Amino acid sequence: MKMVTAIIKPFKLDDVREALSEIGVNGVTVTEVKGFGRQKGHTELYRGAEYTIDFLPKVKLEIAIAADLLDRAIEVIRGAANSDKIGDGKIFVTDLEEVIRIRTGESGREAI
Amino acid sequence: MKMVTAIIKPFKLDDVREALSEIGVNGVTVTEVKGFGRQKGHTELYRGAEYTIDFLPKVKLEIAIAADLLDRAIEVIRGAANSDKIGDGKIFVTDLEEVIRIRTGESGREAI
Amino acid sequence: MKMVTAIIKPFKLDDVREALSEIGVNGVTVTEVKGFGRQKGHTELYRGAEYTIDFLPKVKLEIAIAADLLDRAIEVIRGAANSDKIGDGKIFVTDLEEVIRIRTGESGREAI
Amino acid sequence: MENQIFELQYAMDTFYFLVSGALVMWMAAGFAMLEAGLVRSKNTTEILTKNVALYAIACVMYMVMGYQLMYGSGGFLLNGIMGGDTLVADALKSSAENGFNGDSVYSGASDFFFQVVFVATAMSIVSGAVAERMKLWAFLAFAVVMTGVIYPLEGSWTWGGKEVFGLFALNFSDFAGSGIVHMAGAAAALAGVLLLGARKGKYGKDGSVRAIPGANLPMATLGTYILWMGWFGFNGGSVLKLGDIASAHSVAMVFLNTNAAAAGGAVGALFIARMLFGKADLTMMLNGALAGLVAITAEPSTPTPLQATLFGMVAGILVVFSITTLDKMRIDDPVGAISVHGVVGFFGLMLVPLTNTGATLMGQLVGAGVIFGWVFGASLVTWTIIKMLMGIRISEEDEAAGADYAECGMEAYPEFTNTGK
Amino acid sequence: MENQIFELQYAMDTFYFLVSGALVMWMAAGFAMLEAGLVRSKNTTEILTKNVALYAIACVMYMVMGYQLMYGSGGFLLNGIMGGDTLVADALKSSAENGFNGDSVYSGASDFFFQVVFVATAMSIVSGAVAERMKLWAFLAFAVVMTGVIYPLEGSWTWGGKEVFGLFALNFSDFAGSGIVHMAGAAAALAGVLLLGARKGKYGKDGSVRAIPGANLPMATLGTYILWMGWFGFNGGSVLKLGDIASAHSVAMVFLNTNAAAAGGAVGALFIARMLFGKADLTMMLNGALAGLVAITAEPSTPTPLQATLFGMVAGILVVFSITTLDKMRIDDPVGAISVHGVVGFFGLMLVPLTNTGATLMGQLVGAGVIFGWVFGASLVTWTIIKMLMGIRISEEDEAAGADYAECGMEAYPEFTNTGK
Amino acid sequence: MENQIFELQYAMDTFYFLVSGALVMWMAAGFAMLEAGLVRSKNTTEILTKNVALYAIACVMYMVMGYQLMYGSGGFLLNGIMGGDTLVADALKSSAENGFNGDSVYSGASDFFFQVVFVATAMSIVSGAVAERMKLWAFLAFAVVMTGVIYPLEGSWTWGGKEVFGLFALNFSDFAGSGIVHMAGAAAALAGVLLLGARKGKYGKDGSVRAIPGANLPMATLGTYILWMGWFGFNGGSVLKLGDIASAHSVAMVFLNTNAAAAGGAVGALFIARMLFGKADLTMMLNGALAGLVAITAEPSTPTPLQATLFGMVAGILVVFSITTLDKMRIDDPVGAISVHGVVGFFGLMLVPLTNTGATLMGQLVGAGVIFGWVFGASLVTWTIIKMLMGIRISEEDEAAGADYAECGMEAYPEFTNTGK
């Protein structure tokens, strides 16, 4: 199993979730995060003083997935989250050793 | 060492934390997240218009732990977080290569 | 590639980010989290009743990094985040199998 | 020309009532903001709904029957309030008969307007004490009975000048309603709270008292300022006449003393909380200011400004002890309403004989006893019946999720708190 | 001595106007809070900016030309309002000529003050309806035209007593402005909304209507309380005279009925929303209270309190249906302004003949038609010109990011929402 | 019958004072909301605590000694304010001696009530400027001295009509207190700010000025509306008499011009900020409206409405430049109080001779100099003593964690911000 972590622009969240549903991925955990990267923030004036926004609002999706679905998942996330602008985000993949469903105690693929 | 990530219902947080303390796990990092899974959201009416809550509030616990404590930790988390209802959440386990305590520079088990 | 996850005190965020920039790390994802550890919370009085703050505000940084930069990154994070007080936080290192840049589809080191 | 003077006096006193009434109406906003600030965000929409609805219900019920029950004038459905064609002639005639001696003269409509906002005040006190766990519709059912019957009857024995159940006359002085309005509201609240029980998690099994902080202290502070301002109408209007030197001076003293008592209450509570808890407790200071206001309400015209300040200060100290004591007794009152309006309302009644020689301690005690006994008893019966019919407490699950979700299906701050979208 | 009585009457009526005007000015805060509470947090700074700015612009434009256009007195730039050295002598002389019969006498400055806040009210209605998507500067440009020309002309045909474009006189009764102020504001808003289109995401392609919850319901509730309070000045001041028995009584009835109608509206909307949606919808109840206020505004002095309550109740029910109907027609009005002020404003006009025998249904219909036709038409032209010159809608990207960021460069709640720092 | 007229006049003027005073009291809420909205959330409870407490302290200290020091009437502890049995007879007698010529007559209690709220206003100005870093208890200690001595002495030389330290009489005109109240408050604030230093992080080492955005702009906007409304009482009540044609007209002009100046100030600041910063800066517009109000306060009765609007506009522009200039001088004032009340207060004094022929530029300059010199000097000494005794600045750690936690142990918005639970 793999843990796919995607950092995307907030307004793409619904699209990505729907795209994942379509390939049968029905579980996602979402976190509001702030991102710092190539996409630069901007400087604002507030009462005549400078106000730098370094961090941009992003959304992080964590998706536990069976290894064989990985490529397909990456593909649909890219498809839905891409707006061809800097700052569209990243996908990170790590190995997931075990998954347990709290309610039933099921583990492994069953639990996803 | 292992990183245990548990997604649970928010009102179970105190119980889980206490249960972990009892087995000697004293460090936890908690994040408010929104979960999407089998437990479905619901549709509300606001001023006569529909209002769908797709994401449900969940809490994510991240717990770095020595490998030998893993089974015990999973057990007590399940015990404390289980309410026998859909949406009770998941436990994910990944491998943790290294831990460093910032203050002292200790690493490995010492640092947990 | 490695994923470095650092839990630090919120007021150190700017220092750590700048220190990372200096060694060429330009991407960071930041999450506001609540930490529970050795650094104990405190008990307050509100209207004469007790009010325990168990969880302390922390900030979590996630940094995807090439393996060869790992030691250097840990070092500068420690340097910038250390205040020699309990609760300064931890650094966790896990293996990162793959990184994909959503916009371009680049993967691996290119994508970081 | 005498008629012209009289017409001006009529106009002035009517306007004075209307301005005072508008200020008391404004107190409804004060209660709503205070309570909305002191509950958790998940119960905020519901407490706002209760506050707006209870005010509206009070206005309807007092028109339908409350005013007639209390004062025996105006008629049911207020059908006698309009005046009609002979209004001016009647007023001038009765005034001529009195030799234009400057008796209180004003439009009956202005009197109703001033009185109706008092009913709403009494009912607003209840909503705070039962917050975060009482069912919305059960609460509104109680509001119908309280504003239609319980308060008007009690009011009829006191301000209405009628005998208690036709048995005896109360010899009792309560200028603007420390007892008749505030303690009455608190008595109804106490009955509800006893039946309801405490919020889940408020008291530990080990006897510990846990804080449940309010979600929005600026809002609570704003509510207190609004109440403070509105109170000038509440007490100031209760002189009932403006249009001669003695009355006008009395109104001015009332404004001055009302403000002084509130200031004293804030100072008193600030310092005692500092001593007891080691910190400046904003919410206690707000309660202290309100306590000063409640305490002076029973007699704001006779104390000197210094006395008013000191009375307020003692009230501010008293309210802090009362709040912590009620907590020890596990009487859970999220906003401190029972302490502020009940305990201090009683205290205010007892202060009257100190500066008003027309009042006796015994008379005050009997009056307070009758008011408390009737309102508490009648409320307990009413709450019990409502409990049997529809239940008064929301389910444990709804309480955990918040009354907003269960009762109103709507969050107060959907973007500021983490609730899923 | 007659002069002295007259001086007092002058002072009293002037003060009455000033107090009423201050209460109406306060309504500007009510609109600002209501709208700020009902939009999303990312559009809050901008709606606040619009509200403060439109009030300021209304004050300037009405001084420059509006008052003169509407009433033909005061002069452009109000240069005739100061009175000057002969003020007192003039007033006493004209009063003596009238035999001191108690005609309306007061300072022209107080009249202007009372009138100017009405203009601002009309304009405030617009800002809510076009919220979350209209350009700030386009809106302010419209405000200049609306408060300088469109409203004053319409007002001149009605309260100003002039003929419509010199063609015919309106025989039409609108006590405090259900039509002249509220429906007029709604007509201007409707024209804007039709040109603007709905907010992105409000209506699904499948015809579904999506909720876009307001970010801060306590703020919206506070705004409603403020409006409720300010309305006592709005309607109460519109009797235009206080200083005799009949007038004073009339003012008192107006206060009483205004309050009763609002209470009725809240109750009506609360129950109908409960029946339709199964929950207590706070925002609908707030709209219901406002609907009650708008409905009674056309004639608050002649109904009995019971009638006023019932009129309010019907208005409260009507507004709920109106809001859901407009949504079905895909007319997107984030705060319900068109329903509350437009639909119910019209309803209020139609109620007048029921209690005021001086008004006819036909007269009311013609008046309503003229007001709506003129304001809607003139607004449509104005909005269209502005659209051509500078555009009226913010870009899709700005709408997604929020008008606050694009127009004001400033967040309303920078620490409560997740926007990067 | 003459007595009856006189009694009515007495009642009317007393009521006018009380209504005005209640409006000024309301300004306390305005300052509290404005400041609570413009600080960061972690310092909100503390600024609210300061505001409520300073108002309470002002009321107590002015009663104890301030009023007596300033006007030499009422007595220490206000023991002479009650009037007593001969009140009516005395008033009628002195009035008869004056031939009922309509001199200012009203209850001394109403005068005190009106004056006491002015003291609180002056002190409220200070709290904003020293926000986010000053110790709570040090601030309250200063409030005792400021409201008990510094302000009353300064007031005695001006409105109190006494000589400056018995040396010379000020020939100086300040209608409602641009200088006596507003600039005085700003002078005390400036002294405090200079001793305190800037908030950590406000100024970069490289000379850059960093923005520290306020946490709740709707709250700040509400505060501005409240102040705007309350200002009608502040300026309107300062005519000191209502009950004759000339006075009533003057009060009306004051209301009109006060409103016009605020509107002008908002417009001026909105446009200049647009030109300078390229965006509509809401907080600057709020400051601009307040600047308009402060500027007109020194003389609101003589300008034409057009002049009032223009004065306000210039003030609104001036305040924007003042705020950015102070920032360049590294004088850190989180809410802009020194600019709004100090710089514009001085500007307002200088405007008086333009429309009031009784005032001279020299007289105004001397008066302004004396007020500023005394208040700034006395405050500097007081702040220094307090600094030596208990320190005036919270520790760096507490500043980082927020004054709420350190001083009040309580968060203002515990559920909206991430602070651990």
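Chains here go by letter, A, B, C, D, E and F, matching the order in which they are written, and residues are numbered from 1 within each.
The criterion applied here is as follows: a residue touches a chain if its C-beta (ideal position, glycine included) is under 8 Å from a C-beta of that chain, and two chains touch if they have at least 3 such contacts.
Given the structure is predicted, the values throughout are model-derived calculations rather than measurements.
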| item | value |
| --- | --- |
| Neighbouring chains shared between subunit A and subunit B, ordered by label | C, E |
| Over-half contact-pair match to C-D, picked out of the listed pairs B-D, B-E or A-E | B-E |
| Pair joined by the larger number of C-beta contacts - B-E, A-C | A-C |
| Homomeric contact subunit E-subunit F: same or different residue positions, threshold half | different |
| Between subunit C and subunit F, centroid-to-centroid distance (C-alpha), Å | 47 |
| Inter-chain centre distance, subunit D versus subunit E - centres from mean C-alpha coordinates, in Å | 31 |
| Subunit E: positions in contact with at least two other chains | 1, 5, 8, 12, 19, 213, 216, 222, 277-279, 281, 283, 409-410, 413, 416 |
| Interface hub residues of subunit A, defined as touching at least two other chains | 31-32, 34, 44-46, 54-55, 94-95 |
| Interchain contacts, given as pairs of chains that touch | A-B, A-C, A-E, A-F, B-C, B-D, B-E, C-D, C-F, D-E, D-F, E-F |
| Subunit E to subunit D touching residues, read off their complex | 1-2, 5, 8-9, 12, 16, 19, 23, 40-41, 100, 102, 213-218, 221-222, 224-226, 228-229, 232, 236, 242-249, 251-253, 255-256, 259-260, 262-264, 266-267, 270, 277-283, 285-286, 289, 304-306, 309, 413, 416-417 |
| Complex interface listing, subunit E residues touching subunit A | 400, 409-410, 418-421 |
| In the complex with subunit F, residue positions of subunit E that touch it | 1, 4-8, 10-12, 14-15, 17-19, 21-22, 25-26, 28-29, 32-33, 36-37, 44-46, 48-49, 51-53, 55-60, 63, 77-79, 81-83, 87-88, 91-92, 106-110, 112-113, 116, 136-137, 216, 219, 222, 407-416 |
| Residues of subunit C defined as touching subunit A within the complex | 3, 17, 26-31, 64, 94-103, 105, 111 |
| Residues of subunit D that touch subunit C when the two form their complex | 208-211, 213, 276-279, 281, 283-284, 320, 323-324, 327, 336 |
